[in-house]
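Heads up, the next two complexes both have chain A, just with different partners, chain B and then chain C.
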Partner chain A sequence: MASTTGKISKPARSRSFWRDTRDGYLFIAPVVLGLLIWTTFPMIASLILSFTDYPILKSPKWVGVQNYVDMFSIPTLRVMQSLGVTLTFALTSVPLTLIAALGAALLLNQKLRGMNFFRTTFYLPTIVPALASAFVWGWLLNPQFGLVNSILTKFGLPKGEFFTGTSSALPTLIFLSLWGIGPTMVVFLAGLQSIPESLYEAGKIDGANGAQLFWNITLPQLSPTIFYNLLTGIIGAFQYFLSAFVLTNGGPVFATFFYNLNLYEKAFKWQQMGLASAMAWVMFAIILVLTLILFKFSDALVYYEVKK
Partner chain B sequence: MFDRSIKHWVLAGATLALTLSACGAPAAAPAAKSSEAAAAPAAEQTGEITVYSVPGSPQKVLERMQKDFNAKYPKVNVKINVHGSGDFAEAMYAKGAANNLEDIVFNADLFVPPFVDADLLVDMEQLAKADKSFDMGDIYESILGLGKVGTKPGVYMIPSGLDTVQMYYNKSAFEAAGAPLPTADWKWDDLIAACKTLMAKNPDTYCFDYSDWWAYFVPWIEGQGGRVLSEDGKKSLFSSPEARAGLQAYADLWQKHKVTPLPGASVQDCFIAQKCFVFFHIPAFISTFREKIGDKFQWDVEFTPSQPKKHVTGMGTYGFSITKNAKNPQLAWEFLKLLASPATQKALYAERATAPLLKSLANDPDIAKDDGKPPKNMKAFLNGGSIGIFPQTYPVKCGGLYSGQVNSVIKAMLESLMRGTQSVEAATTAADAEIQACLDKN
Partner chain C sequence: MSQAPTLSAHNAANSARHRNTRIRTIILYAVLILFAGVFLLPLIWMVGTSFKTNDEAYMWPPVIIPSILRWQNYPEAWTYQNTMFAKWTLNTLTITFWVVLGILLSSTLVAYGFARIKFPGRNFWFIFTIATIMLPPQVTMIPLYIFYFRINWLDTFNPLTIPPWFGGGALNIFLLRQFFMSIPTELEDAAYIDGATRFQILWRIFMPLSLPAVLTVAIFSFQSVWNDFYGPLIYLRSIENFTLALGINQFKGLYGDTQIQYMMAVSFLMTIPMIIVFFIAQRFFIRGITLTGVNR
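Let's look at the complex of A and B:
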């Protein structure tokens, strides 16, 4: 609408515009408030607390960077040890999960009868609450009375120590992490189904065999999905807690003393909330750096059809 | 002042969050009341007492006390808040930090030192002294010690009973295996010999569950004449010859005699499932065993076997404390003192939930009466106080035998002994170094 002065004025805001705006803000208010109260504020509080000595029942006392210094200078806090356990877990469980989930997705992407049944079956373990699964595995792998060992014994094989052996506890937990491949597998499956059939047809016309099709079409086309799963897998691995808490509680002899178990211990068993907050921020920094590194290399490793 | 402003920020945020989440958190607690005792409230007293407890037996005890209390104070409302899901210790600390503890709280020896250190509990010794109807001296001094701390005089928890760790045993299995039945004068060697007989007769079983609980390992040290901490609380003594001798014998249960499984390899409820034949614990398990074992096998209790130089066993119980949030500490005391009344103690004993903590009940005919159900030898628990010891306390910052840094260090030391990954000399030297560093700093 042109004004008499010849300038183009902004359209007048109608009452309905303001009503819609108000409604919009009201609709997002629960989420925004929730984010502020349950995420932003605790994060800011924990950052401040990380510079304090805060035994929960008493007022926090400002100690500067002492908690951060203590973390890396007092061996008895076992920060480096627990970080090592977590890194070992991440370095082994993430690739294993990716391979297993991709393998399962490739199998479940076949056009066979009854495939929906198999897809449901593979996803089923994910629906079982993690705590319940942990207890079930605890029973199955009990070294003295567990079902697995009784089967091994029946076949004349030696019994496994599983969670109770210093060298077998961490590998057992890594193996158990494969139990939860369901969500990763579903993402892979979705990625596989979005690859245009025409690419495979063109490959076949050019005489490519199955392995060549996989290597030259499936993997490049799937690389954004792999990247996504890798990223979330690493973040998840660094946050690993529940199964170790239930099954080993960090033992035997700290073999499964994950970083988050250590953090939990310092916060809720030692009541050193300042130190625990510092540990949480160090973990945040580690995950942030790893994520940034992965994004840095993503251009070289991930194939996007539309270049950024 | 900086620390104060941080706390205000944290508390302001927490208050806002709780208000918005409509959790119905209690209003801010009034200022701490003096523990100065006043005259007992009149019968027409009105008001409310809030109590925080765990479910199960403690809740039942409170409900019983509530009846007695309301008979005397019918216009006072007793509101019992029962802890729901999640870790009780975490809930207690969260309530303590937010200063919204109830007037009376369920307590245990592990909470007493940090809560006293934070000045959250009322000294009940003062209230008791001013109360002519209550005789604190009638409570066994040993069990009352669980409610005391070395750094501050006073009594901060009234225990619920005289709980000592004694030995439950499967009488049927002992007899079937031809093993001699335990007696009050048994040494640990006698039990180990019986264990080997039992395990030989019953493949795929073990003798008993044992762990790093202080009430299990400290008696081995004190039974050799040692202590875990010097009397002044300034020196960690795991490396002393006596402590090392005790810990070597303790480690031998796994490494040499193999009568108990490694951590994580035990069976839940092994005693009920007859996967183990001996169970060391307080009387609180009697009602469970009566219910779950039924007629499946015969069982009884006996004193925990004796160590070479001294016969001792762990002692621990729950109790209740009055907090400084109590709106009317005197009224709270009127309620809480019922826990140590002969009527409550007899009722608890009738259910075999605990042994009475009052000396005056030692020869009471109601206590001496056999109820015809196992265990027959209740004397093991009734007389258990004579050999009971309670945990020494460390500076709050270092934790203690139940939790915190000291607990972590000890757990690591004991696990390495159970698994034989370290010698007793190496493990105790390392543990002492870590604990001593904390003691020196605090």
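Let's look at the complex of A and C:
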């Protein structure tokens, strides 16, 4: 209790202040330790490693910015190519998923009998483990025996190559991401249900039609949700790995060689730990830049109920 | 909320309103049923194929429903040569148990600290925690891998089961903190007067009141660790340490092209626990998603 005695100029810290501080740090100790051991130190180490040449069994050798230069100048590393694949995926699959999820939410928000069944059904693909789901799709879209090609033939359409075609493999993966709209759809549904009915009533009195109500009420009210899911979707796209790893292994001819798959191979197939660290930092930098751009846009486009 | 906002205005203006509503309902049901089929197709195809004979599985044109249900596919797949499905399931369950327990204990402690105790630096640590959502795991993965390699943790469960005990994930902390903040302070004030410690308050008052949120965290943690592929792929080497996901992938590599009915059987076996959990705890799934607004 030394702090409460003698000092007059400074307001004395009360007994409860110190007890709260001690308790507070005791309670959050796990995350403080976790942030230091599993975030801060590895981040610093990874930044340093990115400036080294480090085949894991030898000691790291300082090479300055060589890894960063190599990434952008040596085509055989395929860094730019894989970045292109990931960005293509992110910029098509994320908006498509959002539109589909919003469409599904509007559809499922109708007051009809049996709607719970449909909601469950639309959500179901997301609970199937990603690996199981990838294998099922691989089999559904098997060019030789797959059900999808059999259906296409039945309608007189040509058979698709899907994962086996250089130009069709990536679009196929993008298309498949639509089966994962479940969680986003649920968020939109909750958003739709929280829009006050009075807004629509007012709109109708002013003579607005359905499309106008959607553009001027529904969309602005949902815009924070859309923005948030756009952001997490793009961050998620950079993590995209599993389907490309187990179904196409980056092929055919690197058509689905995602950035994260490239990074994985550099680190764990070729043991280029320095280069892989540099790739991870470039990924982080791109995510940060995209986030900043999105936030800039959001000021103009996202409607918040309470302006700070 | 009686009707769809997009269409109701249109209908109100329409004189033949009643008939239009009926046509609209029929169209809506048609669209809903079509999409329900599209969304269910992968699961139906998985289950259907898992019961086919090898000949029927590779038949052209394919059929969705097998002519006879070949139940033996399941025990045969489970005990197929060069596989250890029982061991892999046990490994996955072991890892899942420790991860979920670690997440629950540490994230409730941390969330309580952030939600209810005022101390200098609280905002800093909270924002730092939340900011890690933006950090791709690849940034920390390589030094951690080297670190685990040095301390002989590779090919053990430790890299997968220990880190969750230190914080339990930013999203889980966030979700629980939100929930804890909504609990009225009067309840704990009364407990303080009775001489309860903070830990007792968390355990006796907050945990029972927040059971839905805690269950939500448990379910999402279960889902993510059960489905995890990347972590085990990097840290586990020997076949007897594999998880189900790694094992099924191994099976695919060896026999996937010729024994697809077994592939689908083990894939479905891996899916069953998720389906059970989902149907028991559907409302917690929905709650968790809407509370964090996050696509996990």
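Miscellaneous remarks
Throughout what follows, the second predicted complex is superposed on the first by the 281 of 308 C-alpha atoms of A that agree within 3 Å, B and C clash if a C-alpha of one lies under 4 Å from a C-alpha of the other, contacts with A are read in each partner's own complex, and residues count from 1 in each chain.
The rule is simple: a residue touches a chain if its C-beta (ideal position, glycine included) is under 8 Å from a C-beta of that chain, and two chains touch if they have at least 3 such contacts.
Keep in mind the model is a prediction, meaning the values are calculated, not measured.
Overlay on chain A: chain B and chain C clash in the combined arrangement. In the superposed model, A:Phe145 lies in contact with both chain B and chain C.
When the shared chain is aligned, chain B comes close enough to touch A:Ser59, but chain C does not. More residues of chain A are in touch with C than with the other of chain B and chain C. In the superposed model, A:Gln271 lies in contact with chain B only, and not with chain C. By the touch criterion defined above, A:Thr76 reaches chain B but does not reach chain C. After overlaying the two complexes on the shared chain, residue contacts for A:Thr248 are found with chain B alone; chain C is out of touch. Contacts of A:Ala45 after superposition on the shared chain: both chain B and chain C are touched. In the superposed model, A:Thr166 lies in contact with chain B only, and not with chain C.
Look at A:Leu157: by the touch rule set out above, it reaches neither chain B nor chain C.
Once chain A of one complex is fitted onto chain A of the other, the partner contacts of A:Trp281 are limited to chain C, with no touch recorded for chain B.
Of 42-50, 78-86 or 294-302, the segment of chain B whose C-alpha atoms clash with chain C in the superposed model is 78-86.
Looking at chain A, you'll find residues 33, 37-38, 41-42, 45, 49, 56, 144-145, 268 touch chain B in one structure and chain C in the other.
Put simply, chain B touches chain A in their complex at residues 2-4, 6-7, 9-10, 13, 16-17, 20, 87, 89-90, 93, 96-97, 114-115, 117-118, 120, 204, 206, 261-267, 275, 396-397, 399, 403-405, 407-409, 412, 415-416, 419, 421, 434, 437. Those residues of chain A that touch chain C in the complex are listed here as 20-21, 23-35, 37-39, 41-43, 45-46, 49, 56, 104, 106-107, 109-112, 117-118, 120-125, 127-133, 135-137, 139-140, 144-147, 150, 153-154, 179, 183-184, 186-187, 190, 193, 195, 197, 200, 203-204, 208-211, 213-214, 217-218, 225, 228-229, 232-233, 235-236, 238-239, 241-242, 245-246, 260, 263, 267-268, 273, 276-277, 279-281, 283-284, 287-288, 291. Residues 1-10, 12, 25, 28-29, 31-32, 35-36, 39-43, 45-46, 49, 57-62, 64, 106, 109-110, 112-114, 117-122, 125, 128-129, 132-147, 149, 163, 165-168, 173, 198, 223, 226-227, 229-230, 233-234, 245, 248-249, 252, 256, 260, 263-264, 267-268, 270-271, 274-275, 278, 282, 285-286, 289-290, 293-296 of chain C touch chain A in their complex. Taken together, the chain A residues at the contact with chain B in this complex read 33, 37-38, 41-42, 45, 48-49, 52, 55-62, 76, 142-145, 163-164, 166, 247-248, 251-254, 265, 268-271.
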